[in-house]
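I've put the structures underneath this note.
In the two complexes that follow, chain A is the common piece, with chain B as its partner first and chain C second.
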Partner chain A sequence: MPLLDIKNLTLEIDAGTERVKALDKVSLTVNEGEIRALVGESGSGKSLIVRSIIGAVPDHWTITADRLTWKGQNLMAMTQEQRRQIMRREIAVVFQDPTSSLDPSATLGDQLEESIPPEFVGSGAFWQKRKQRKEIAISLLHKVGIKDHVSCMNRYPHEIAVDISQKFMIAMALVSEPAILIADDPTRSMESTTKNQILKLLTRLNETKNLGILFVSHDLLAISSMAHTMTVLYCGQTVESGKVRHLHRRPLHPYTRALLDSAPSFQTNLPPKSKLSTLKGTIPTLQHLPIGCRLGPRCPSAKRDCVKVPELRSIQNHTYSCHFPLHMPNSGQGKAKKQNIDKVSAKQEAGQTETKLYQRMPQQASPKSALGQIIEELKGENE
Partner chain B sequence: MITLLIRYLNLLTITFGVLIVFSFALAYLFPGDVLTNMSGIVPQSDAQRQALEKAYKLDQSIFSQFWHYLSNLFAGNWGVSFVSQADLLSEIKIAFPATIELTLYALLVAVFIGIPIGFIGGLNHHKPFDFGVVCYSVISYSFPVFWLALIFITIFSLQAGMFPLSGRINLLFDIPHQSGFILLDIFYSNIDNKSAAYIDAFKHLALPTLSIAIVTTAIFIRFARRSIMDVMEMGYIDAAKSRGFTTTQIFFKHGLRNALLPILPLMALQVSTLITNAMVVETIFSWPGIGSWLIQAIYQRDYPAIRMGMLVVSVFVVTLTITIEFLSRAIDPARDRFERVSV
Partner chain C sequence: MSCVLRVKDLVYTYKTKRTLLSKTECFELGPISFSLEKGKTLAITGNNGSGKTLLAKALVGGIKPIKGEIELEGQGLVKEHLHQSNKDIRLILQHKKDAINPAVTIGSMLDQTLLLNTELDALDRKQKIEDILVKVGLLREHYYFYRHMLSDGQQQRVALARALILEPKVVVADEPFAALDPSVRSQTVNLILALQEELGLAFVFISQNLGIIRHISDSVMVLDKGQVIESGLTKEVFEQPKQELTAKLIESHFSLVERHFSQM
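Showing the complex of A and B:
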């Protein structure tokens, strides 16, 4: 049984007049002892997923999900207190920015010691307990790679370097011996040497303690070096997920492909001074989400079917949601075409035209000829 | 910490110096005879005038005059009142503790009622209780203090007859003047019915304290509410939540301290408003404090009294403000502790 199992998680935000689906049917699982990477551009809703899991969501956001379970227990149906108990002992979170996640008015030692669950501290008078707390804290700091615990414990967060703060955050997360660590972009704004230290630390924890890790990041290089499986997120939709190896070798979704192509480190035969490939445009804002597959307007292989949300399909634990997956010219297309003939409505027609316009525009050299071609095409379609 | 202390002491000394220079200059700036302004005595003959000029060194340079003024100030020779010919120091010694007492109680009420209410309101942000708190604070903040005091007198003294109209204590109680603080004086006195005296003193205190405290409470409510709302949205509160602490634990371990830190310097700013309000209210309630004393002095153009009263009140305000400022610096770890090292 997976530790964390999320199926069709939808998060709706009241944005003034309308409700926006910030997360649209996201599915994600983390198994025991697995490092699952969650990848996506900034603004794709990675942190929202983390917040939904830990329950730190404002009241005016609505979460619906087919499944949001922790070890088989439904997190959504739990009371605040039950959920808090799980957060206390089993799920640990490391946030993006360590300096803002630490209380600026308390010393690091105090904050670490207060995170120690009371049941870890044996019986005794309060000074004995305090001594035990301190011992636990020091051993934890050694585990996360802080050797000079004396000078760190008495410092305030603003006095120490960001990587040491992050190690403190990890130590605080590990203190309750959790089964899963949710690391929300823990290496953001860190230089590469400190980043490597943190990544190594996480990998080692995974190996030695069988700690499940949900590693949220957009750093593909880091992910490929440590993660076992990976889920790619685009604009609040899960586009593809599977083993990192498989995704690398044969990405099925155009977005995954674009993401991998945009990282030069993965391309062995990149000629010097060649243009790096990117997807055109930017990730849409929440107010202007395209219908259907949200990659539609930017997708190099979008067709008229893309105005419908593609179903999640899976081949040997490699799931993807695309009508026209790469490397599989026949499978998706045929099915989609059949559906297309079955139900075509006027509304969809309009949507398709829009998609077509989006697709065509940037590829043509002269706008006039592009327009001509589009008119031609529309004519042909109407006939 | 020591550097910080020295810096603040330095600031305090310099401010005092400026205030003393100003009060000295007032003797020249006020209309009328410099000698009269300085000493409070109107010379009746030329011989007396010359003797006084000699005594106040007015025949010498301005620097030796100032030096003389300074030494008189520290020796306790503050001159006499122009009107009553009473010694200013002893008059101020009687009047000033009454004001401090009133201000202190009002401040305590504001701190111990305003800040908790503000916190509760901020924690229940956008709920009926919070709306009530905001509503109350806006309304009570907009009351003019003198008007509120008059309304209190009308309702509670004249109509309901629950509280006395004016003064500090009923004249029936013969409390000897010792510290100047009425509650302390009752404690030190050897009258028979102390509890009755206490009740009477509290009844006298209630209305003036309330009318000063209500405005300050409203300000503190707003500070506290805003501050706790800001703090509860911080990343470390989310982080603490994700570690599974209860709301109470989060509030007392992380919320409270961080919310109080920014309020403290703002409280220091309110001290002068508080004293000003106390002076107005004193006049209305005939509270024998420095406020009504100063206003009397102003009416009677008692320049020596105005000069010394101004000096005492401003020294008090400055000391209190700088002390609170120092304390808030000293207990806030994040605030420029390594200011001198950082580039």
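Showing the complex of A and C:
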């Protein structure tokens, strides 16, 4: 059973006269011990998903979802208190802007010690407990790569550098030994050595503690080096999701392709100072969302059908939503496949009724193999 | 070759009450020397707090260096030439959002720049602003837009327009791509490369993204704690880093790339 299972999550924001769908039928699962990357540009609703999961949304936003469950329990039907208990112990979140999400009026040491659950500090008198708390805090700081724990714990959030407070946030999230860590852009504004450290730390935790990670970022290099699966988001719609390897090898959605092509590090034979490939235009604002497939106006292969929202289709756990996916640009929708086989079946006058053919069809992914198998079967029956 | 910008033994000391992990009182930048030719790009990289932004500010005259010379086409950055040199070397700030006045339109912001630095009349100024907006990939209508109406990428373009409107010879860009999304970032990279080719601009490009540095720069300089620890042609530095820190930076970047390819 997946740890976190989201299906068709829609988030509507009341914007005066109209309601804007900031998230439109987003689906996402995180399994135990899986690193799932959530990729998207700013304004695509990555952080909104995080906020919907943890329940930090204002009253005038409406969330509807077919499923929003944590280990099979419905998060949306829970009371505030139950939900808080889960958030406290099982789901940990590292927020986007570390310095401003820490309490500015308490030292970092106090904040970290406060977040240690009481059952971790065994029995004993209050001074013994205090000592244990401190030891746990220090070992955590060492674990995330803060060597100078003394000066870190005695400082206030505004006094430390962003990358240190980022590490500190991760330490604070890990204190209750959660089952899943939601990290919202944890490597932003870091130099590559520190970034590598953080990524290694997360990978190690994933391997040793079987920690599930939802890694929200637009740093493709970081993602492809550590994540197992990834979900690409554009403008509040899930565009494509599947194993990182599959997506890299064969992206099916034009946006994923554009996103991957835009990182110069991925192309080894790119001459310096040459033009990078890119999509034209920028991500639309929430007030001016296009209808249908939201990539439509920027998509190089957009056609008339794109004014309808494409359905989610999947090939071997690789789901995408596009009318004209890259592996079969002219096929349009599934209709076309059926029509092709229809014509052939009309020619196959072997005493078989068409209904029989139709019954056999839907299990097949590609029209060619479907046809092949049908012919084989017909042969067998005729003999 | 025509050398546009020459910096010689630049030193700047910055006094703080307290820095990150120790209570040292001052931060020393330099001595830094380099020269930059027309149409070339110099990339400056280094860890957080290594003085990259300070160097950028010192180059454009935002802070006054204690020692050393900055020469623009053979002329020192001294009081008599300051008016001209302010036009010739322009800075794109790191936090472009905060660098654009939210209370005035983009047009009037650019108009101020022209009003203070040139002697054009109102009609010419408007014409020039519209030209530059089109050149950086915006529309004429953006003249009447306010900051909050623009997206990140467009704000970046406005910052670029403000730097380019005075037809500078050198542009110092401090982390111009850090906050941009991948697809918009590629657009901006393309734009900068095209403008460089068209106008022969020299770029001082400050960034932490080694992938982009390798792509757009001709030479690279690595700073650590205010000191230049390594400099040279981009290709050479990337292939054979001499210093440990540089090697670490480059290795950690490419280990990510390698991990990516090994997964394929």
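Convention: the second predicted complex is superposed on the first by the 325 of 383 C-alpha atoms of A that agree within 3 Å, B and C clash if a C-alpha of one lies under 4 Å from a C-alpha of the other, contacts with A are read in each partner's own complex, and residues count from 1 in each chain.
What we mean here is this: a contact is a pair of C-beta atoms (placed from the backbone, for glycine too) under 8 Å apart; a residue touches a chain by one contact, two chains touch by 3 or more.
If you're wondering where the values come from, they're calculated on a predicted model, not measured in any experiment.
By the touch criterion defined above, A:H158 reaches chain B but does not reach chain C. Judged by the touch definition given at the top, the superposed model places A:L202 against neither chain B nor chain C.
Touched residues of chain A, counted separately for chain B and chain C, are more numerous for C.
Judged by the touch definition given at the top, the superposed model places A:M230 against neither chain B nor chain C. Once the two complexes are overlaid on the shared chain, A:R249 sits against chain C while remaining clear of chain B.
In the superposition on chain A, A:E191 makes contact with chain C only, not with chain B. In the superposed model, A:E41 lies in contact with chain C only, and not with chain B. Contacts of A:P264 after superposition: chain C is touched, whereas chain B is not reached. Shared-chain residue A:L211: touches no atom of chain B or chain C.
Using the contact criterion defined above for the overlaid structures, shared-chain residue A:I170 touches neither chain B nor chain C, since it reaches no partner.
When the two complexes are superposed on chain A, the residues of chain A that touch both chain B and chain C are 159.
Touching chain A in their complex are the following residues of chain B: 234-236, 238-246, 253-254, 257-258, 261, 332-334, 337-338. Those residues of chain C that touch chain A in the complex are listed here as 18, 20-21, 46-49, 151-154, 178-179, 181-187, 189-190, 193, 208, 210-212, 214-216, 234-235, 248-249, 252-253, 255-257, 259-260, 263-264. On chain A, the positions that touch chain B within their shared complex are 54, 56, 84-89, 91-93, 95, 97, 100-107, 114-115, 156-159, 169, 172-173, 176.
Interface residues of chain A, counted against chain C in their complex, comprise 41-43, 148, 151, 159-164, 189-196, 199, 218, 220-222, 224-226, 244-245, 248-249, 258-259, 261-266, 270, 272-273, 275-280, 282-283, 285.
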